[in-house]
Amino acid sequence: MSRLSYACDENMVGERMIKFAKELYPCNRSIMGPDIRSGLKKFIEANPSFIPIKYRTGENVFDWEIPKEWIIREAYIEDQSGLKIAEFSKNNLHLVGYSTSIDERISKNDLLKKIHTLPEMPDAIPYVTSYYKKDWGFCLAHNELSKLTEDNYKVYIDSEHKPGELWVLEAVIPGIYKEEIFFSSYLCHPSMANNELSGPVLLNEIVNYVKAIKNRKYTFRFVILPETIGSIAYLSRRTKLLKKNMICGFNLSCVGDERSYSHVKSRLGNNLADKALRAALIGLENVNEYNFLERGSDERQYCAPGIDLPVCTFCRSKFGTYPEYHTSKDDFDLVTSNGLLGSFDVLRNIINSFELGIYPCVQVLGEPQLGKRGLWPTSSKLNRGKQHSKIRIDLLAYCDSVHNIFEIAELIKVDLKTVINELKILNNAGLVDLKDNVSR
Amino acid sequence: MSRLSYACDENMVGERMIKFAKELYPCNRSIMGPDIRSGLKKFIEANPSFIPIKYRTGENVFDWEIPKEWIIREAYIEDQSGLKIAEFSKNNLHLVGYSTSIDERISKNDLLKKIHTLPEMPDAIPYVTSYYKKDWGFCLAHNELSKLTEDNYKVYIDSEHKPGELWVLEAVIPGIYKEEIFFSSYLCHPSMANNELSGPVLLNEIVNYVKAIKNRKYTFRFVILPETIGSIAYLSRRTKLLKKNMICGFNLSCVGDERSYSHVKSRLGNNLADKALRAALIGLENVNEYNFLERGSDERQYCAPGIDLPVCTFCRSKFGTYPEYHTSKDDFDLVTSNGLLGSFDVLRNIINSFELGIYPCVQVLGEPQLGKRGLWPTSSKLNRGKQHSKIRIDLLAYCDSVHNIFEIAELIKVDLKTVINELKILNNAGLVDLKDNVSR
Amino acid sequence: MSRLSYACDENMVGERMIKFAKELYPCNRSIMGPDIRSGLKKFIEANPSFIPIKYRTGENVFDWEIPKEWIIREAYIEDQSGLKIAEFSKNNLHLVGYSTSIDERISKNDLLKKIHTLPEMPDAIPYVTSYYKKDWGFCLAHNELSKLTEDNYKVYIDSEHKPGELWVLEAVIPGIYKEEIFFSSYLCHPSMANNELSGPVLLNEIVNYVKAIKNRKYTFRFVILPETIGSIAYLSRRTKLLKKNMICGFNLSCVGDERSYSHVKSRLGNNLADKALRAALIGLENVNEYNFLERGSDERQYCAPGIDLPVCTFCRSKFGTYPEYHTSKDDFDLVTSNGLLGSFDVLRNIINSFELGIYPCVQVLGEPQLGKRGLWPTSSKLNRGKQHSKIRIDLLAYCDSVHNIFEIAELIKVDLKTVINELKILNNAGLVDLKDNVSR
């Protein structure tokens, strides 16, 4: 991107994301309430482009109703010696999300029915919520259960459910075109790193990246919202606008580990976002493509019948597939600067493709004479041993103004970054024009 | 089907089909003649909706001509002691169908040229015909050949070919729509159970089932006819009408054994009947899909170029693939009440789909809130261990008014009966509308 | 082809091709110059339908410029005893094509940098050119290198580059339709048999074959040209015309060995030429289909973006895949009469299909009654054991005026020659009409 003033020191970018994620980590986020609001405010501070859209408790959003806020002050189990177990103040995962208040002494047997553990991962505290059914409960490492040796325990939860507001953060970074590229991630989980903080901190960094593109062609829209209820609320106000302008969108979930790259396909599986993501994952290791039947994040809403936005979901290790998912082990041993940077790079290549112009068209008939332009590469190998010259002529053979960059990358089996770099060289030499195919 | 007054005691239905088949079994059916006519009359007695369409010998039907009737009174081979071998009166398979008359003493060698056996199945009498070439012959269990120890034998066949009528039974059960669902089966073989009687007795039961549907939406058309010449004769009078109104049709052949379920695809392989049958076979064991190159029953005519009706063929074990096919072993050891009921169930699920409305459309935007309607299933497992809740939300995700029930069942990999039941629940809750997409 | 007066004694045709190839073999062809011109003149003598199209040195053709001619008189390396090594007059592969002049004594070390060998095939002389970079060099069998024992050598090349003409031979054999079938092959390599002479001698024989078709329906266009620069030059004058009239075209390359049959697909992989060639290769042994990414001959130009003619490439062993490729071993041990005849047969079946009419349409509704026409085959087996009767009725089932001969051959898995023969029989019987679907 010659039009880019973004500081591309990769280490710095990765560290900045990790640092922000660690700063956000301790807070007891949920879908609504003061803790999630304070988290969202940190994003506004970091990036004033974010503006909150507010939905009041009781407001109808499509088929749903905005619930009450959850305020939690203290929660623990206490034995007769005064020893506190499952103390919320020590780890916010100890308490089932949206738990109601209680202050009672109950039998060990009754208590055990309210305690969630993971026998197959005995030192991890599981993450459990009860948003839409009034209930309470605690979560414990399975190993800790054996410490419950007394006949009865005091159970104490000081929480409150009261009318309030659900917030969605939205940032619109305008470009020359009204056509939009969209990114969504969610903030609603307590202290977990991959299935929570990796998405919004990456999205925040993408906002920075996009803002730094000079003479930006596309309009970029970003949202951070609580999963499910947040995307439903958001869509209830924005569907018409998004259906009109969005050409490509990505939901970001679990984008911080280093284990793999995953694509959860859209409902019909082959929209422009699917093609873009598939192309951007060429050449990476451990790439997994998941059918829509294996969905689970906000692609559920963006791809619902009648909504049908051109969105798919991007993950490193997909939610539900890694052992630390929804436990206290989803921490910064799992999420790393390198993991986040890998995700950043994938999205950057997609953005760069759009800003370059995704419909390349060769400007001569027949194969170009590369030698006379000094464009016949020497024998360097660019792509896992594939000759640079072979990549260049294969690319030229598909620059027909009909196939887009992402389709071409798949056809010629070359990674998207190499395709972009080659197209820039060929464009500079006047051999390839790059069209946008948007209505202006 | 809340609109259904049909008595669904399955055992009773299965036994009724078997009983009818056994009643029809002994008769020496062929494509034309008094025996096949008496068989067809039993269907008219059982089901007065059937009306015969008659074609006279010599009448041109497309590229064919209606042949003469075949009357057979007696046939046997007799040795010098007066012992009768291959006696037609003992088993009508002993005589090659449409054999001409003969009353001669011939050498054993000449006789052997006229005898058909199955060395690989030595105790079975094969089934052979010679409709369009004037000839005679006998069929014997291979084991019996060794009994022919004399030098010459008397051969006696008292048969006659004379002008007459070919009959096709047709029943039209009208509905609100002029659009038709079609079922065809054939009656033209002598004493065989699967490749003959299973088809028409199942079809007869389907007539009963369809008549019991109150406020039937679709018109249903049923035919029982001699294979090949019968369907050609029928099409020669009905093609225009059928092409106008038929949206889905099934040829029924060999539908009475318990071994497998088979789909012989239409010529182009993906019409609405193909989709419906494929969906109706999801979750069953031993399902086989055959290409049109492996055809062999009346799909040959219904799918011929220029006819191209939306028909495919449904079998349990496909004709030509099971060892008893076209032999005296194709009897009621092979065809059972359970076998016929399995076929009945497949067709019932297809009919129920059409009568329910095959284009489901979810009535809310975004994922529905199932909990507030009491529709969030508890952890019951419906479909080979797949969670009920997963099935319900996957189904809802594809109720887009574009995909039909059959396509959705395939997409979400759930059996058709489960899909129907779920759609009824969601429809009753007002969450899903069910459209028909027929012209009215 | 009843309309064909072509003498089909196959042995004679094969021998004629080999004889012509051997006559052409010794000449030192290159892309331009007196030697290639003398080769082309032999084609004009053999077939006066060929007319040269001439392009002058310096003329711009699309992105390229016609280079200078290369005249080479003598070239060798000489040791101190006067012994000549790598003598051009003994084998024209010893000299790098388009080498510049030199007459110097140089050190052995400097000489070795200018010598190409094939260590993995030590007794073969490799074929090397330097068309667009001014340079010189020699090619040696790797075994010969050890003979260079002296400290320095005389290097002598007497060559010249001067303005001249590039020639393309074109033959147009008119038919009733303006729609054209196109064949292209190349002549630009020195003494090699498969990757050079097999293509043009086969093409020349196809011209003979086409001229012998009486009342030819299609117009046939043939070109022989130097690879790459020749097809680019040709297209620079003919693209508009070819795009208007060409419905199917084939580039012929390496069509003379007996090892396999290869199809290098067009850029999008499924044009009429791809379908025709795929059908024509059914039933042959060792058939390979190559993606456009594995291209390398003039399909590169014919299928370039914006040109996009319906062309694919036909080979026996594909260029670059057989060990003798681009070496002195590519000779008449590799290229045989049988090999050329196999290729001739493939193209003849395609031409015969077009001249017969590629859209068959059955003339009756329902299955035809073959018996009454004497068309029900006895039990002969035509196609690797497939019953003749099965082939005939399968073919009839797809004669729907929508699928063309090539698609039908693939659908019913029967070789093209059998399909053609069957269609002739069915056409003669009035059962099948054969349409052309060209605009007249």
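Think of it as A, B and C in the order they're written, each chain with its own count starting at 1.
Going forward, contacts are C-beta pairs under 8 Å (C-beta built on N, C-alpha and C of every residue); 3 or more make two chains touch, one makes a residue touch a chain.
Every value quoted in this text rests on a predicted model; they were computed, and no experiment measured them.
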Given over half shared residue numbers means same and under half means different, the subunit A/subunit C interface is different
One copy, subunit A, sits on the other, subunit B, after a C-alpha rotation whose size in degrees, in steps of 5, is 120
Expressed in whole Å, how far the mean CA point of subunit A lies from that of subunit C is 54
Check: subunit B positions touching at least 2 other chains come out as none
The residues of subunit C that touch subunit B in their complex are 361-362, 364-369, 371-372, 394, 397-401, 411-413
Per the touch rule above, subunit C residues touching subunit A in the complex are 62-65, 132-133, 228, 231-232, 235-236, 239, 267, 292-293, 295, 300-301, 303-308
